[in-house]
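Before anything else, here is the set of structures, which you'll find just below.
Look for chain A in each of the two complexes below; its partner is chain B in the first and chain C in the second.
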Partner chain A sequence: MLLSFIVSGLGVGAVYALSGVGLVVLYRATGVLNFAFGATGALGAFCAHTVATAGYPVVAAWMTALVVATASSYFYGRVIAPSLSTRDLVVRAVGTLGFALILLGFIGWAWGDTPRRLSLPTDGIYFDLFGTRLTMTRILALALVFGMVAGINFMLSRTRLGLEMRSLADNRGLSAILGIRVVSVEASAWIISGISAGICGVLLANLVRLQGLQLTFLVIPAIAAAILGGLSSLVATAAAGVAIGIVEACLSIWPAVAPYRTATPFVVALIAVAVMGATANRRILTR
Partner chain B sequence: MSVVELVAPPGESLVVQRPSLARFWNLILIPTLVIGSACIVALGANGYWISSLTSAAAIALAASGAGLLYGQLGLVSLCQYSLLGVGGWVALRLGFAFELAFEVNLLAAGLVSAGVGLLCGLPALRLRGLYLALVTLMLAGGFQVVINACGFPDGGPGFLGRADATPRIMMARPAIALSNQGYFIYSSVVLSLGLMIVELHRRTKPGRAWALIRAGETTALAAGVNLVRYKAWAFSLAGFLAGVAGALLAGNVGQLDGRAFPASESLSLFALTVVGGVYNWIGAVFTGLLLRAVVSLLTDLRVDGNIAMALFGAALLHSLIVAPSGIAGLIVGLFDRISSRIVNRQP
Partner chain C sequence: MLVTCTAAAIWLSAGSGVQAQTIRCGMNNGQKATGVPINIGGIVSKTGPDDFSASAGAAEAYFKCVNQNGGINGRPINYSVGDDRWNPETATQLRAKLVDDQKVVAMVGSSSFAECAANAKAYEASNVVVIAGVGVPRECFTSKNYAPLNAGPRLSTVAAAQHLNERDGAKSFVCISLNIPNFGAWACDGIDVWAKANGLKSTTILIDPGSSDANSTILQAAALKPDAIVFCLSKSVIVSLLVAAEQQGIVDKIKFGSGAAAYASDLPAAIGPAWNKKFLTNMEFQAIDSTAPDNKNWLAIMDKYADASVSRDTFSQGGYLAARLATETLLKLDPAKIDRDTVSDALRKVSKFESDILCTSWYFGADAARHNANSVLRTSIVDENAWKVVSPCTKVVDPELADIRAYEQKSGMDR
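This part shows the complex of A and B:
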């Protein structure tokens, strides 16, 4: 019984993990905590839904989601974020909140509030694991998490771009003096974050449902995972994301707490912030 | 802003100007303008607009709390609308349970929300930066889930007070303001009282302490400011104002709907607080008007409410980048320029 809930929580947990990783990469390189992460993913997923219902192949829908989410993330990072880059962390984060509201309003206007669902061909392929269907979509989500974490870790530790991102995280002013093109390195961080937002948007639209607000607030469990990872460790962030998904799924066992189980990410994040505040990690969010 | 200004013209000794009573000028201006314009509007507007403007007054009261935290302390509180919901819940629950005077419910709602606001602020008492923004965002999200699951009291039995089978009861308005117009003016009186409390704080000792904390916590500590006490006071005051606003909102319709309190509403409220302007009391009034009256106007014009949300987001970005003092700053700046031109023209 419990095992089957764990299995069903794996898929959503993988999405939380992937979005947490997207947030952390961006935060490390640019110092922006992107509240618009979920909204960019939602925009991508809605475009994908439109493309898929118009009769185009699924691959085209996937690509649309990725391109739209990445483009909107790049747009913010290249056009709007630089004019706030010298301000406090809080102001930079609040700026993305403005972008999230714009996207959310646009999505509501263009597609309405009716919840939809994005079906993927991988839904039809499944295995039986502990009496639960483990669909190919969930396996794909988990595989993507492993792939992204490994890929980004490799990029950060072994490539020139990764080195430049790490030096930006360390000291923006000094990096600029050393000749690092700050704006273009930051733009690549926004692109990586946009790609993961696109993937998460499509997966969540398939696993839960396609609704603007729902997908926008994907950013909450992502932030919870990112904070548990200390906003620096990708592996810890990914593990925390999967764990939050599993805890959320398992809470539906008890009827007394089941209506409140969607509050799990909020509670976890609250505890994470409180714990972080009480420990030596507190400098992370005030740098 | 320093209260004692040091002025030393060349060749003269240092003159210390004592702060004059003119700094309390706003305490007269606020009730005159707010209640005065409410009375004029109440004479002419129809029922739909009176109701919208009453909610706008309540929202303005809540916005003055969020503006206080952001303008005076640089703290981002994203759960102000949820605190308003908490106040509304308390007012409705007490209203149905004890049939007390409306003012008692108003105060009780304010006090409970002040307590909740203080609890939200606790993690930020020792920390700065993004902490409060994150904590309050989580609380706003959590409140949305909880209020959707348990709903607002509507005269039913039990602690939650939900009437599933029995008919829903409306909360009574104050005896002196039973009509829509009367309740609108009543709300504007409460709003101006709230704005005056905030203004009084900004002009006296707490305002100076908050300004020092904003300048740097080490500076504030060195100047002998009790950091914990003044930060806690700011959180409680912001919560109190939101709670009273929630009670006003509950009294407007007599009911509240749990679905009307999504976390995105808290985000919009914060965005518009910045857009309205956080350094002047007029800013809060603009926030209320933007969030309620402008949306009503757009509905009148058959513009989608989602477009309003997108506009709010764009306005927030514009304020952050170009006009940090918001609409209020623009208007006060314009007023100052005109009045200085008039003064300079005189021989």
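This part shows the complex of A and C:
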């Protein structure tokens, strides 16, 4: 029985991982923890659903999600984020929260609370594993985690853009003096984040539900994964996201705990912060 | 000239007669009420996890109609609605504003998740009667001054289970609801108690409203190997669970049903063709597309007086009934003596409010400790992207209704 819940948790865990990776890439390049990641993805997902129900092919729906999410993310990164770039981390994060609430309000106004279902062709293909069905959509999500982590790691370590992003993350002021086009590099990071949000938005709308409020605040488990990854390691973030999804699913087995399993990301993040904080203190004391 | 005027007068009278046939509200005289307004209030949970405002939206439409048709013997209704944003503190503040500041004579058409617990005692202390369109948590059905027109999630969920037992022979149930105090456990406890009393089996699974893992919830329920799974959830959560059930291939292995929250015209299309004739829901009121006269009147009033954004759903039906009941009660009073005490007294005495939207007549129950008059309900099943009524009005058998049934028997009411 435990194995079937592990398999069940893989799908949502994969999307937490994808979301976490998207958050870390942006944080490393811009220092912004993007609370609007979920809302950006939600907007993309709702647009994709509208395109799909209008009779257009699935590919068009996917492209719509990516374009809309990327455009929203780029808009924030190019127009609003620069004006907050000299402010401290908390202010820059809260700015994205404000953007998230604006997007959430727009989604509610445009699409209302009509129940919707975002189906994908991969839903109908499945494998039976330990008494549960693993749909191709979930396998796709897992594959995308590997692909995205590998791709972004390659980009960061082997490309000029990646070098510039790492430089920016290390020291923004010095990077500007050295001639790195700060705004352009940051915009690239927002675009990558937007693409990631678009993919995650569609997958989460399929695996969870197509509802603005729900999708917007699924950024919280993603942030928990990012924190576990130290807001720096993509591999650790991805692993953490998958682990959070699996733990959350497995807690269904114990009736006393099951109603509260949505607290898993918060509890995991709290433990991680406490352990990491204690470990850092010990390292400082032993120097 | 005289002939022309007479002909015009006859034509105009005929015109207003046609209007009175198609829409009926209040005095039906086509004259705008211009007297001293009568203040009535309502509280809804609009902004938040779900939007319950259609009840007050329908009540507002009905009162607009009334004000265009003579008001309450010449006096218009001044209807004020507040959004408590699912927050008990906000609900308390709204109650204070409406009851203490605006001195409303009654509360009509409310549909709030938060206000029953927050305000019930205060309504009693202020002698304000609440004729709610829709009540949700337990306190809405266990308070002296609070009387909803709907049946409530507990009766609705039990009714769904009963139908699955009678139609499909289901003997073991899993009830899935939200871990919200005085809601989820209370509603599913209805199936539990009914099941035990009838030698059946029931288990409750409570989930967080924000839960994102519908797949694991369905696996958890299916692992108990029930004959039927019954939901007492919001429609968006129901859709995600049904999608998960479909993906896990258990549509044909387990029967699925729900309390009235699933009865929304857009849900069958959202869940898709796999659920055709396989997912049923209980209904607290008449079918939304019914051509019964009062149901048609509700739709006509909504079309003429309500904004297009107000849902034409089961909440709206409840709000319409609450407003109609309040209007008809006020019309029996001396317009010069309408105040909180006379209105509360008159509302408490309502004993046979009839509508084809309801299965049986509705009553307040003046000397009853609590109010749950709507307890005879219908069931629908998904049929080709729409709902189809599959059961006649059936009495809900919930052991918790024992005090209500005893009151009805003592009062000579036929249920």
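Please note the rule applied: the second predicted complex is superposed on the first by the 278 of 287 C-alpha atoms of A that agree within 3 Å, B and C clash if a C-alpha of one lies under 4 Å from a C-alpha of the other, contacts with A are read in each partner's own complex, and residues count from 1 in each chain.
Methods note: contacts are C-beta pairs under 8 Å (C-beta built on N, C-alpha and C of every residue); 3 or more make two chains touch, one makes a residue touch a chain.
A quick note: this is a predicted structure, and the numbers were derived from the prediction, not measured.
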item	value
Which superposed partner A:Leu97 touches (first chain B, second chain C, both, neither)	first
Which of chain B and chain C A:Thr132 touches, first, second, both or neither	second
Touching partner for A:Ile80 - first (chain B), second (chain C), both, neither	first
Partner chain(s) touched by A:Arg158 [first = chain B, second = chain C, both, neither]	neither
First, second, both or neither for A:Gly105, with chain B first and chain C second	first
Touching partner for A:Thr216 - first (chain B), second (chain C), both, neither	first
First (chain B), second (chain C), both or neither touched by A:Leu89	first
Partner chain(s) touched by A:Arg181 [first = chain B, second = chain C, both, neither]	neither
Chain C-contacting residues of chain A that also contact chain B	213, 217, 259-260, 262-263
Interfacial residue positions of chain A with respect to chain B in the complex	33, 35, 80, 83-84, 87-91, 93-95, 97-109, 213, 216-217, 220, 223-224, 227, 259-260, 262-263, 265-267, 269-270, 273-274, 277, 282, 285-287
Footprint of chain C on chain A - complex, ascending	1, 4-5, 8-9, 11-12, 112-117, 119, 123, 126, 132-133, 135, 204, 207-209, 211, 213-214, 217-218, 221, 245, 248-249, 252-253, 255, 258-263
Chain C residues touching chain A - in the complex, by the definition given at the top	49-51, 179, 205-208, 210-217, 219-220, 223, 235-240, 243, 247-249, 264, 266-267, 270-272, 309
Contacting residues of chain B [partner chain A, same complex]	74, 76, 123, 126-131, 133-135, 137-139, 141-142, 145-146, 149, 262-264, 267-268, 270-271, 274, 304-317, 320-321
